[in-house]
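In the two complexes that follow, chain A is the common piece, with chain B as its partner first and chain C second.
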Partner chain A sequence: MTDGLAIETHELTKQYGNNRVVNQLDLRVPERQITAFLGRNGAGKSTTIKMLLGITSPTSGTGLVLGKKIQDAAQSRDLRREVAFVAEDKQLYSYLTVEQLVRFTRSFYADWRTDAEARLLKQFQLPTGCKVKALSKGMRTKLALLLALSRQPRLLILDEPSEGLDPVSIEELLHEIVGAVAVGATVFFSSHQISEVERIADRVCIIDHGRLLVDISLDEMRREYRRITLSFDVAPPEIRLALPGIQQVRTSGRQMTLLARENADAVIELTRDLHPVSVEVSPVALREVFLETVKEAQ
Partner chain B sequence: MIFKLNPSAGQPLYSQVVQQVRHAMETGILCDGDALPGIRTLAEELVVSPNTIAKAYSELEHAGLLELRHGSGAYVIVKRRLKSRAERTRAAQVRVQALVESLHADGFSGEEIQRMFAAELFYDASLERKP
Partner chain C sequence: MMLLYKAWRESRLGFVLSLTALAAICTLFCLFPRGDLQHKYTFTQTMYLVTYAGVLRNIFIVLTLLLGLGGFLRERSYGTLAYTLALPVRRSRFIAARAVVGFAELSALALIPAVLVPMFSRWSHQPYPSIPQALHFSVLWMVCGTMFFAFGLLLSTFVPGDYPAAATCLISLFAYLMVLEFAPLEKFPSLDLFNVIAAWHMPYFSGRDTCFVTYLPWRTLSVITLLAVITISVAGQIVERQDF
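What follows is the complex of A and B.
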């Protein structure tokens, strides 16, 4: 894909007192792709999203969303017309019924699709006459998703969209995300569900302590990341493999494992000189990349 | 055709699609002129990014194995070369079968044999790769 960027930030920073929640973040989200935003609780994901949408202003740094400046009030208002957003807390007007809230929201947007609204109401089995405050957490999430997915926005920003959903609803949500991208939307979503990210995302950004640690396409990750296990019939040599791309070396008994971010072939070539009795190369799943990255950062 | 994608495998999803289509052509599961679903339909069916399917189809088209007709889908092109490859693939399967049987006879379990194959192929693939 040679499209442009839907989101681009430059040294975006948010500080609350002495606490730097987002730290000089350079985020690049390509258009018409699905980008997942991963990080531990409190890593800075939601604050970043709030800055992108003008809900909170950055302490320093700049950002463009759909080519519009996030710090400029008028441009920020314009960009929100083209963005659909589901917030982490899924706060909705609790005194309205489901039907009233849908009707109310519909009146604001020119890109509303009544066919999608009807389909999702049925699919999510939302009780239309029920007051929002009486809905379960999962149902409220479904309603928030319906309000976002019934539009045809250029950019969908979803903050933990699958939180509290049952497996059937998660599948329906993923289906909707795929469908939105198929008609040209960009999706940027945060999630703790690594397995769903691994299935649908084109790219993954991993953030920790407000800093961007990994920004990679999943194709590249699958192709490049390798776990190399060397087994020896004596104690493994104490060496430092100073090769770019080696993220970690661990020894256990007569075995040594290396995590290579790139250059796996060069690493394998090099390890031959250590005369291992066997060399095993295996792929590295996103879960492992995430855990190792976050662990490394500590 | 039925696709089986493994998101945790060390191979991009688009190339898994490409490989499975190629394999289906080589074994005769897909024949000349057969239709594959459109990009959106297949992406929704497999619940993967539409970019994955678009990339796979574009690679297959580039290799002359698929014809993309705007609005009407994707059609398989099976050349004669592939047909002879289909026969070779079947012969290779017989050889693999014989090897697996003899390893079984030597007391190796299915799991052990699978691991040996996987390690060998992975080692091979990693060395073959050129940046």
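What follows is the complex of A and C.
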């Protein structure tokens, strides 16, 4: 494993027929951090996760999870001992009761913590005698989370973990995720809830059409990304701003808006040549970065 | 151990229904033997023709085939596959667990006529050969049933969906019966598992007395068992390489 990386892929590709779902993905997830994996529906997030866990095999490319090759069946099995996973659809064996499913799952892992199990059962208010098929979607999600969080894994892979949860449970989940990292785990999670990502993630990877478009720490993003709004007293000049660091340019009425990925000060300096009436610089939220990134990719 | 538990819980309903159906039909045959057969044959022969060499045998074969269905493709349609495959277990071990549980279940099914036919014969004051004779048939049913079960298990690794898999099983069964109709194959009676399971026209069985006259064909049964094990191993190898 490359020093300090829990997940590392090199040109990881998955193709179904002519459809390339994951396209030469170079993913790097640092250890002991929370990395969010963002993308629209069908962007390739779940397929990437399935490849990381050996559920599906890559068409080409390589990958290491906790230093183990994902293409090697024996190594993949070893890595799954150290990885806790919550799948996207959170479907569990409907014919078992909550208690039976917990007992079943516990039997496969040496790092199971009965104290955490008891705490989460109480916290999530899961009815132990109830069959899984009788649980609501939210309760099933809680059960899936309990099965992952009752262990002390080195890596937690969560595919849209907060989907279907009520606000209180989401708070509890975020707390658990942060707590897991505090005791040395790495968290890699996909989500469509950008506000949650902004609250807990250290790093963000944005994927679209199977390609990695952004891989940045949230601190870096907050520091570097800027929205620069130029106001003119006439229509903005129709020029092509091929400046380094500008991700996107949009004009509307007498305003020109630039999204600067880096070197915002240099970009501002260069735009002075356009003689704007005013220049406003504002920080950019993750939501905006995400939306602009995927729009640009389209 | 937990994999066996999983396999049992997943097949339990199908097994209980099969057991109930087989027991009910067997009971009906014993209590209300077919009149047309009874005119021509003794009670023992009638029982043999409707159970070990008749409808009950055919139902048993279909049920063992269906018991083999399930597994990862079914789990994928239920959405539980990601959870299962994320467990730190070799995929072929899931197949092995299903095979062990399946064998136990089909063995229980194979014992039904051996238990019920002598019991109801005694109850209705009809003569019937001893229980050990009936148990000979159970051994044949277990071994041949294992082959059909193994085939169902193999089919379940590449035919998705419960109904298409069941339909494929039945079509395969008919195809097998049609292949057996080819004259050159008649030289190899052991290829016809329908006859092996019923001991029909076999040198170790007297049709007139409907009893086994010598040892069971252990060599044939060993070959069938070996083929079943190979089929299950192939299913295991397929799922190890399968892309979900």
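Note that the second predicted complex is superposed on the first by the 295 of 298 C-alpha atoms of A that agree within 3 Å, B and C clash if a C-alpha of one lies under 4 Å from a C-alpha of the other, contacts with A are read in each partner's own complex, and residues count from 1 in each chain.
The working rule: contacts are C-beta pairs under 8 Å (C-beta built on N, C-alpha and C of every residue); 3 or more make two chains touch, one makes a residue touch a chain.
Nothing here was measured: the structure is a model prediction, and the numbers come from that model.
When the shared chain is aligned, no partner comes close enough to touch A:146: not chain B, not chain C.
Contact with chain C, but none with chain B, is seen for A:73 once the two complexes are overlaid on the shared chain.
In the superposition on chain A, contact of A:104 is made with chain C only, not with chain B. In the superposition on chain A, A:174 contacts chain B only, with no contact to chain C. In the overlay built on the shared chain, the residue A:64 is in contact with neither chain B nor chain C.
When the two complexes are overlaid on their common chain A, residue A:93 makes contact with chain C while staying clear of chain B. Looking at the shared chain after the overlay, A:81 reaches chain C, while chain B stays out of its contact range. Partner contacting the larger number of chain A residues, of chain B and chain C: B. When both complexes are overlaid on chain A, the residue A:43 reaches neither chain B nor chain C. The touching residues of chain C, counted against chain A in their complex, run 1-2, 5-6, 9-10, 78-83, 85-90, 240, 243-244. Per the touch definition, chain A reaches chain C in the complex via residues 50, 53-57, 73, 77-78, 80-81, 83, 85, 87-89, 91-96, 104-105, 107-109, 144. By the touch rule above, chain A contacts chain B in their complex via residues 1, 32-34, 171, 174-175, 178-179, 181-183, 195, 198-202, 218-219, 222-223, 225-226, 264-265, 268-269, 279-286.
Across the complex, chain A is touched by residues 7-14, 39-40, 43-44, 47-52, 55, 118-119, 122-123, 126-127, 129 of chain B.
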